[in-house]
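Structures given as structure tokens follow.
After this come two complexes, each holding chain A, first together with chain B and then together with chain C.
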Partner chain A sequence: MDNVRASGSTIWFRQNTGFAVIVVLFFVVYALYHLAHPKGFSSQVFIQNSNEVFGLAMVAMAQTVPVLMGGLDLSVGAVMTLVDCLASHLLEGSGWSLFWGIIVCLLAGTAAGLFNGIIVVYGRIQPIIATLATGAIYIGLALFLRPIPGGKINEDLNWSFTNSLGDAAETIGIFDDGKAAWFSPFAGLPTAFLLLVIVAIVVWVPFRRSVTGRTVYAIGSAEGAAYMSGLNINRAKLAAFTMAGLFSGIGGIFMAIQTSSGNADMPMAGSYTLSSIASVVIGGTSLLGGSGSAIGSIFGTLILRVISFNFRIFDIPPLLQPLFEGIVLLAAVSLGALSILRVKNQLELFR
Partner chain B sequence: MSTSSSTKSRFELTRDDKPIAIAALFIVVILIAGTIYTLSRYGSMPLLTPTYLIQQLQIGSYLGIIAAGMMLVILISQIDLSVPWTLAAGAMMATAVGGPWALPMALAVGLIVGVVNGFGVAVLRIPSMIFTLGVNAVMRGLMVAQTGGFAPQTKATDLMRFLAAERSFGIPHAIFVWILISIAMVILLKKTAFGRSIYAIGNKEAAAYLSGVPTKRVLFIAFILCSTLSSFAGLLLAGYSTKAYQGMGDAYVLPAIAAVVIGGTNILGGRGRYLGTIVGVILIVLLNSVLSIMEMPEAGRQIIYGAVIIAMLLVYGRGEKATS
Partner chain C sequence: MLKSKALVSLLAGAALMTSAAVAFAGPKIVSGPPADPACFKPWTDQTKFFQWEKKPGPYRIAIVNGFVGNTWRIQMIKTAKAFAEQPENKKDIKEFKVISTGTDVAAQLGAIEDFINQGYDAIVTIAVSPEGFDRVIKLADKNNVVLVPFDNVLDTDKVMMVNEDQKAIGKMSADWIIKQLGKKEGKILEVRGLPGNSVDRDRHVGFREVVEAPGSKFQIVEVVGNWDDGTSQKVTADAIAVHGKFDAVYQQGGTTGTVRAMMDAKHPFVPIAGEGENGYRKLVAEHAKDGLKGLSYGQSPGLVAISMKAAISALKGNVMPQLISVPIPVEDYTTLKDGVNYWSNLTDNFFTANAFPSCGVNISATEIMAKDEANSN
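Presenting the complex of A and B:
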């Protein structure tokens, strides 16, 4: 029994070397950041970091699902922006109106994703170009909702989502205003961090283990074989884009809550989309599809972000930051490509 | 491909010609719709005057040159996302050195970026989508570091003004440049071994390799041509607007891809005619211009822009289902 388990973990490690490297690398760089930080590790810094990571982490998770299928979604940033603008209209009230506002925002993101899926599946248009076009449409809708940046978000909502769990509990008035004894170990954790963990466990893990989720991986490996095995290809494709819309929508809601406003910023949407692709690749997901995971993409995002955190600490001129980010991205993908040195048959290069 | 078209009747459109015909038809529709609008609103027909059409062709020539390079890369089933900052870098370096060295400088920038892209895609076999994205970020970083994040305080040279903005016989020189590049593209794609290799690689790279096509070299050249055309377009754009500035290329990459795809080139490579790319460029430029004449707000323009791309592709860009 022991023997079997050992070989199982060896296989896991062999299949996920890239992911393991990324996780280790992240913790090393993040530790370095805290060691060099003038105030050391504190709840405040952790909260600030989590807030800066959450939006991109969601968009990166969104991008992962179509990429696993061998596709690409160039509209994730646009969907996030659209939901951001929608949320800035709907999340101003309190109580149940807030609840329904969040539901409507989630549905809007999901619907945008489903629309992408319908065009890709039934229109049979290549995902990259279909989502390029729908992305323009979503940005247009966002501009209709918010021609100029503005809007307002319920202040309690803003406060509880962008601070620690203790602050959130105090604002909502649960767990003895966050002072319950059992709650104290968690009180310092950022709400955004908990949300990220919840989304990963509640949304991603069940999806990955479902037949539809497995089908997404199968399509990425070999679509023809997946079809011949009787898997429901259309449903999986629709689901992949719908999931992307849902994740982007969550990111958009958080963006609105964080900034307390809506902003149909086209360059920002574009840069989120591009960063999402970078996160996915750094997180060990193959752009050819079939291998990787959204958890890896979260760590890809963390790596991207923690590098810019370090810029602030080590007094590197901010002007050099874009250059460093580019070099890190190129270095990451080039390191991943070194395996081609082991390829003996030239034909294996053409996939 | 040529054998199958010769067996058909003369007036039947081939698979590659249909998108071009539909896109051309749509250009006419845009012009008619715009004219009806201006007639009912102002009682004039500015859209049908030679001045307006020539001006649109001039604006289209910059996009057209970028799209020509992008088409080469898309035909080998790759993509070049480093276009925006290659363009900006070409323009900035050209205006920075100035004088007679402006043009060689811009071309050199394109050449270097192209070699780097080619190395990543052809030798390291990294998906071009991500590698060129990284190169774009590096180019952006280099330019930001070089200029300190501000618009560079340099002006376009006389040659750049001559090529991009000045006119002979009432026709802007930029259009002549576009025509020359287009002729070269058609000859390259139709009449040279390199052109045929591009289509072969786009259809099945492994098969092309086994048939003796030097795939690495073709990939390198395609990426070099794409980057060089981008930086050259940057030089022209700097000449047109008399200066280079940060982010001047950001508005060109997606329209260039859209123009290529609307013109009937398969986004997965291996199929498409250069004429289609020209038609696609004109369509996009005219659509933008007519929408702004209609005083359509940015929101509506984006929605129509996206809807047009989807509609055109639904008519002729549909892929095949995986059934085996």
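Presenting the complex of A and C:
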């Protein structure tokens, strides 16, 4: 197109216009919220926001991986709910039983994801149908584990994961009860926020860079070409759904910790699944697969959430709020698609 | 660097030690009697009494609704606004805000915490889950904020709550149906409410305790109507198509839809215990002589007004019961009267029960309907 050689950052921007717009939009709207909030820019508000975002952000990351492959996972909310109910049974004790409880919950989420993958790959069933069915199974299991809402989570675990790092350190009794000098710059950070960053860095980034991760993108772009290039398609598909299960599971554990209980809440599972798809799309991932990232989906979630944050500050009539939310979302998605206007050859749109 | 430290703290988290619990403020537990016993009636003799530190008014009050999208919730929001604008209440309210968070518990917890951080004095809420509010209860107590769940209440005795006895509604409906049938057998359609809520659960449990008691031989067909006319109409039509004839119906809400589905399917009129929708009461009044014997109990959207009144009373330093019982307004086909407990000139969607004379709360039907839901706070 341009004869001038573009620099690396320009190329990045051109390829990720949607994502960049979303990030800017988020920071603008979020800054508005903080400016108008009586306790704006304080640790308490960041903590409260992080707790609210974490569960949905996990489910959105979960959804991203199958979507990149060109599929949809309708069971992410159900897996989250299942693990939430399981965690409400396993995370009541203390010490090592907590540690093993978390491991078992993570494994349960991963296994649920792997099961989805097996059905899709070896059962040769469309992901959307397969996960619709397995989602119902997982909700059924969740209801079996928690026919009525209840359960208990270790109080210290609840307190440290839903507060600042300082509070967490004090509760656990490390770093001089969180008062160590080197620790003070981080003490105000929300634990949930840090967890989100860790999951993104430790789980998503290595996966994205692995051959399997890149194969997921390749399948989304052109499955036939990926196959002809000798990539292991089945392994990548299994991995994509397994990753989705793992992320949903982390979301479920946090949900249980946050609410100190388990609740096989079907409407909520459904709304999380829907919101996860919305987050993925807002975050710039193509529903056709092949382009986007889980980091984008995190920002998609942030956009979804930050709109409702503002309802608490500014006077918007309660029954008009959903309408307003819809308009902002539509604007966000449209802004992301503005790059289409610059396309010179319409055939590029059919990639 | 940051990453590795976080990992250390995570690993340490695996070996959590019991730590000294942080001390929290909050209401004092005192002995009764409550400030206004006629209105704020304790649930049982064992109900505790709370007293908050007196705060100077006027107050900032927020309503954190969950699910929105059925008529009950919309009327609730209209009622709350009408109540806040009545002159005797307006003088106590400096700022009033209503938001709805949907069925997402994380969003509701976040909203409640947000209002606590914003320094609101009282937060009235319909909980989307009966569990999971420990953290916001702690924070509310720490900041001396009065948190009042109503309608869908919490499974805890640490907050002040307002409700009608949902289990009693279920039991009462079952007893009434048995009385109408004159026998303890038959096929009953149970149309349940929004899953996961305590109201749905308690009404269901109360109903089942009676109809499944030893000696009863009822066959119960259970469907989920989400307390919504449209959903109820659909699921009832499906149930009739699959199961044929029912001998009675127990409905949690959306009763107008259920009755219409039965009429559409040419299902004979049978005894039905349902909610207090105006449309349902209109149909019962019209068709009672054809056999549509109806019981209509009301979980009033006006509970929000009692809850706001209780919050203001608590902020004024009055002694309050921890669990406030609001009497169940109930009518049946023999007691319906146009213009008194149903309105043939108002829409079907209106919930009829809104007068609470013992509380001095009476927001008339016309006053609520005049309140445009879209107008600004």
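One rule holds in what follows: the second predicted complex is superposed on the first by the 322 of 351 C-alpha atoms of A that agree within 3 Å, B and C clash if a C-alpha of one lies under 4 Å from a C-alpha of the other, contacts with A are read in each partner's own complex, and residues count from 1 in each chain.
In this section, a residue touches a chain if its C-beta (ideal position, glycine included) is under 8 Å from a C-beta of that chain, and two chains touch if they have at least 3 such contacts.
For clarity, every value in this text was computed on a predicted model and none was experimentally measured.
*Asks:* When the two structures are laid over each other on chain A, do chain B and chain C clash or fit?
*Replies:* Taken together on chain A, chain C would clash with chain B, as the superposition shows.
*Asks:* Does the superposition put A:L132 against chain B (first), chain C (second), both, or neither?
*Replies:* A:L132 sits against chain B, while chain C stays out of touch.
*Asks:* Looking at the overlay, does A:G140 come into contact with chain B only (first), chain C only (second), both, or neither?
*Replies:* Touch partner of A:G140: chain B, not chain C.
*Asks:* Of the two partners chain B and chain C, indicate the one touching more residues belonging to chain A.
*Replies:* Counting residues of chain A touched by each partner, the higher count goes to C.
*Asks:* Which of the two partners, first being chain B and second being chain C, lies in contact with A:L274: first, second, both, or neither?
*Replies:* A:L274: touches chain B, not chain C.
*Asks:* One more residue to check, A:I295. First (chain B), second (chain C), both or neither?
*Replies:* Touch partners of A:I295: none, neither chain B nor chain C.
*Asks:* Between chain B and chain C, whom does A:E223 touch in the aligned arrangement: first, second, both, or neither?
*Replies:* A:E223 sits against chain B, while chain C stays out of touch.
*Asks:* Who does A:E52 touch here: chain B (first), chain C (second), both, or neither?
*Replies:* second
*Asks:* A:D265 contacts which: chain B (first), chain C (second), both, neither?
*Replies:* The second partner, chain C, only.
*Asks:* Looking at the overlay, does A:Q321 come into contact with chain B only (first), chain C only (second), both, or neither?
*Replies:* Once the two structures are laid over each other on A, A:Q321 reaches both partners.
*Asks:* Check whether A:R124 is in contact with chain B, with chain C, with both or with neither, and answer first, second, both or neither.
*Replies:* first
*Asks:* Would you find which stretch of chain C runs into chain B in the superposed arrangement, from 92-100, 344-352 or 362-370?
*Replies:* 344-352
*Asks:* Overlap of the chain B and chain C footprints on chain A, residue-wise?
*Replies:* Comparing the two interfaces on chain A, one with chain B and one with chain C, the shared residues are 264, 267, 319-322.
*Asks:* For the complex, give me every residue of chain C touching chain A.
*Replies:* Residue positions touching the partner: 2-3, 5-10, 12-19, 21, 62, 65, 67-68, 74, 77, 97-107, 109-111, 113-115, 117-119, 128-135, 155, 194-196, 201, 373-377.
*Asks:* Flag every residue of chain B that touches chain A in the complex, lowest number first.
*Replies:* Going through chain B, the ones touching chain A are 79, 81, 120, 124-127, 129-131, 133-142, 144-145, 148-149, 205-206, 209-210, 247, 250, 254, 257-258, 261, 267-268, 297-307, 309-310, 313-314, 317-324.
*Asks:* Taking the complex as given, what residues does chain A use to touch chain C?
*Replies:* Against chain C, chain A makes touches at 37-39, 42, 44-45, 48-49, 51-52, 54-56, 94-96, 98-99, 102, 148-151, 154-158, 160-162, 165, 168-175, 186, 194, 198, 201-202, 255, 258-268, 271-272, 275, 305, 308-309, 311-313, 315, 317-322.
*Asks:* Where on chain A is chain B touching in the complex?
*Replies:* 72, 119, 123-126, 128-130, 132-137, 139-144, 147, 223-224, 226-228, 233, 264, 267, 270, 274, 277-278, 281, 287-288, 319-327, 329-330, 333-334, 336-337, 340, 346-347, 349-350
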